[in-house]
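Two complexes follow with chain A in common, the first pairing it with chain B and the second with chain C.
On to the complex of A and B.
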């Protein structure tokens, strides 16, 4: 009977094409608006590294003196000092760790082949590539020896390799970061991320960097950050080393802990580290404070998806509800006009349930058509958002799950709107219409 | 086959109670052809609707083929209607955007009959009413008489034991009315029980048994056996 109901639904559309089109368009607009905001919300709130998000932890240490406050929800600084970052990185621990800093350079080849351009660069340590799932297409990460000796080496993305060297395989080539000549040792697949979870200081949805250099280059070449540097007490910084020795926060630190035991052990290490540092006059608070947050906890701690985003989604659903209220009225009128035919069907043996399902299938079809056109409307909406701000380039997109969700929401919404009209028409007394038809 | 004992039907509004039927008693045997006559508003159609389970009744007992209709729920009534009853209406009540084949198919679909069997029955019924060649036509492409023959084919398709006809010739000219009546007589001779509501006294006299409904009650009862001009019972 289901295919028969589909056939009847299709005939019904053809019988009243204008009203049907009006309803489909109303659903399409409602779904389009809803899916636009829902898609952005979905991309914002999507787990950026689902297979490891519960194993990667951002490290926070409370180095601020007692009585001083910070603007984070729990008073812990978002970033670490250079001293702590270096100590955590160099300590003899069996866990993968990554120190990170945002910087940038004028990139060129010291020739007229490629016009110099400014490019953000990520300073980091070797483990970052395996921790954050960055696969190498050519070459490999720099060696530990290169890391320790502050060798001028780099890993770049395949896009940048093509841009600079005309080939994906730029391994062995040399490029310049300002005046620093660095050799390409590895090329990774472009890093596609919706949320730049590893460093949320300067925009949660910015594109990941395409150039990576060893952490040891910071000290060796006095590389300054392009990210945030925050202090909580007066510390004159006259030379670069002053900054390295200061209590200013300007670096991020991540650790990979594969189970609860490893997490507890690392927390124990942090507690000991704080106790040792106390002896040097740092970490003056009575209670040692530190925190490990996994990727999703970190994203929510930073309020990457804020109340405004949620309100926007709620408003778009309310708009869809208004569209559905209009559809409900149109459906009621359309179905009641068909009451005489329903009377005939009932007289010929259709039960109320069969009549009800016939009409529900019809509204489900309306929802399907509206959902499909709604996807086109949503694509237009997302295109408009992308055009308005490059910030939204990776966010204002519909992934496959959203593409599948759109018709499902449309069908469910239409079925909800169609329940009352279908119930009314299946409860009409057939005899009323049989004599008067 | 059909037994109605003290059936009553009351319509109630805030201001008025109207008795459409009261103490209505009727027994119909298998194979009968009954004409139901009576003035407008007397309750003929209400009786037919109750007989066809299209309306609930307010009081009394109604047994169809031994089944107590009053105890059935909507689904059971729909099934029983589909299995045992065929309807023929004054206004034909064909579904306008279905062709003749599809119109005749409607009751068979609700019965869950397989496509091949549906096809066989539809072709047979359309053949019986002389419209097999027009199976793909839409109702509005046919004359009134032809439409009524399609309605009869639809009523016959489910092979019902009961045919309920409400003014089946009311919208037809005399020639077409006669053709439809001859078709109904043939169907009755083939074994179907027919109850036909009509205003036309001449047509009513062609039925072997007449009943008259006045003010919601069975007021008269006349048998015409063979000769439609002679009343043999009251």
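On to the complex of A and C.
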């Protein structure tokens, strides 16, 4: 029966090609615009590390004096001081932890082979690779001894290895970061992320770094951050050590906690740490304040999906509603015109239900056509977005789930629009129309 | 005269079509007036005056990896060689680039730390005495700082004693007095204001309260990574930009020249998201208006087909063509006005929602009124074509099929 309805639907489509085409176009434009804004929204808010996002936590500590305010939603600073970062990193805890800082260097080989170029670099600790799911293709992460002794070693991405050494396996090679020569100990698969969740300070959608060096090098080689440094009180910083000892915020810290017990244990540790530090005159607030946020909480805390996108999504759904009202009107007109024919079918024994389903199938077909054309419209829209914003390259795209969603929304929307017209037409009394034939 | 009563009665007999049209008109009015308002808001933001000749200024980064040099000496040498290029007005090493989204800011105070004092947040630029001329901003009072007031920063043992500040900042700090000649504090360091700058936007355009507040400090403090700003004669920029990398490498080889970009491009990058939002809204409202117009067009056409006999009968009974056109225009007008009343309420509601949840200013009633008028005009235009077709229905049609 279903295929018969499809056949009937197709015939009906061909009988009134102009109106049918108008309806398909209306739904296509509606779906196209909605999917364009929804795709960007989806990519922005998508979980960047689905298998672990509830296990990785960003750590925040309230070190600011009572009465001082910060610009974050809950008054907690986004980043940590060097002192706290180092303590948390060095403490004897059984959890994987990563301290992070953005920096950058002129990368060169001290020869004419490769023209020196500027490259952003991530300073971090060795757990970061397993925490953030960065698989090694060659070599491995630097050892704990190397990290402790501030050894000049590095992990690079495979594409950077190709660029510098002409081969994916750059392990054992030496490269220069400014005047510091470092040895490659590991090569990882290129890190591909649409949201740079581990450091949202300087552009949420920037590319992840391709060079990684041990955290201990910060102190050993006085490496300055390329990210934000924020202070809340006046602290003269004349030499690098002043900055290390200061209350300024310039580092990120993540911890991997596998269950609620571990989380509570780590929170206990933080409370204890704050109590200890209090004795030295820091953490002057009455109430010890700290916060652990998992990846998705962190992303929404930073308001990564900006409000423009939310407004666009809302407006485009309203636009879709207009398109639907339009289609509803046209469907009603089209179906009612066919009422005499339906009257004959009803008189010949078709049940109301059959007539209703026949029309719903026809409407569903319109939705399917509209959805497919809508995907093309959405691709055009996304192409336009990519043209206007370079860093939207990885955001203004439709992934499989969005590609599937488009026709589903289209068909559902059309069926909703078609319910009333189909109801009206299946309720026509056959006698009225048979009379005038 | 307008026969509203019979038209209205006829409408009541086919309510659904009319209601659908009404809903479309209402939503269209609500969306278009709000979107147009946001577009205008963004346009004002994108086109605001900045105080710079953006198309004649460019910037670049220098990342030095060699260690066998004195950075300050090298900067002076680089500046001199760039200034010597034909077509260059002035060039300078500067700590932050205006309109780029990246820079430094701090609180400027009336009393030194740790005393309690009024503190106003402002962005600051560190540069030498050529900074003012390279930026090309207008000095409205006082003087530029002199070469001997510029601190060459090697060990943080000295701090500038004088500074230039924008009028916007001084008006905040000294609401009732002249700011020129006053002393303000950056932390515990006193700075005497020797010059007042008129229009000069800082690195951030988004922060409404901070974008006009800037301070220029006479200090040269280049790190390994530092930035240059160059202003050229009109039309010379592209030519000068082409020579920069080679020139800088001739001066000193062990460094990377990067991000050689015009100030207008920097600004375009910074405001790219707002421009995108504006464009998306323009597309949205154009398509929306088109879809609604097509809806009116289609529905009228359908009504005419349905009423061919009645129209024929009316014509046969003596109705003029213009009466038929009038009928459809008035019918559409009634629906449209009802839709507009609903749409105006919708627009106000939507505007309030947007204002409560997002940083959108309160929708001005002018936008709603203008949109309502335009939608009305559009609906009349959309109905006229089909109505004329209806008027051309021959009276004989009516008699033929009865």
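Please note the rule applied: the second predicted complex is superposed on the first by the 432 of 437 C-alpha atoms of A that agree within 3 Å, B and C clash if a C-alpha of one lies under 4 Å from a C-alpha of the other, contacts with A are read in each partner's own complex, and residues count from 1 in each chain.
Just so we're on the same page, contacts are C-beta pairs under 8 Å (C-beta built on N, C-alpha and C of every residue); 3 or more make two chains touch, one makes a residue touch a chain.
These numbers come from a predicted model, not from an experiment.
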Between chain B and chain C, positioned on chain A by superposition, is the outcome a clash or a fit?
fit
After the superposition on A, what does A:349 contact: first (chain B), second (chain C), both or neither?
first
Considering only the touch criterion stated at the top, classify A:341 as touching first (chain B), second (chain C), both, or neither.
first
In this superposition, the partner of chain A with more touched residues, chain B or chain C, is C
In the overlay, answer first, second, both or neither for which of chain B and chain C A:322 touches.
second
First (chain B), second (chain C), both or neither touched by A:330
second
Can A:376 be said to touch chain B (first), chain C (second), both, or neither?
neither
A:429 in the overlay: touching chain B, chain C, both, or neither? Say first, second, both or neither.
first
Where chain B and chain C come nearest after superposition, their Cα distance in Å
13
Set of chain A residues, in rising order, touched by both chain B and chain C
none
Which residues of chain C touch chain A in the complex?
16-17, 20-21, 23-24, 27-28, 30-31, 34-35, 38, 61, 63-67, 113-114, 155-156, 187-188, 223-225, 254-256, 258, 272-277, 279-281, 283-284, 287-288, 291-292, 294-295, 298-299, 302, 305-306, 354, 357-360
Considering the complex alone, what residue numbers of chain A touch chain C?
19, 22, 26, 29-30, 33, 36-37, 104-106, 108, 116-118, 176, 178-179, 224, 234, 236, 238, 306-308, 310-312, 315-316, 318-319, 321-323, 325-326, 328-330, 332-333, 337, 381, 384-385, 388-389, 392, 420
Going by the contact rule set out above, which residues of chain A touch chain B in the complex?
1, 4, 11, 14-15, 340-341, 343-354, 429-431, 434-437
Okay, in this complex, where on chain B does chain A touch?
45, 49, 52, 54-55, 74-75, 78-79, 81-83, 87, 89-91, 93-95, 97-98, 106-107, 109-112, 154, 158, 166
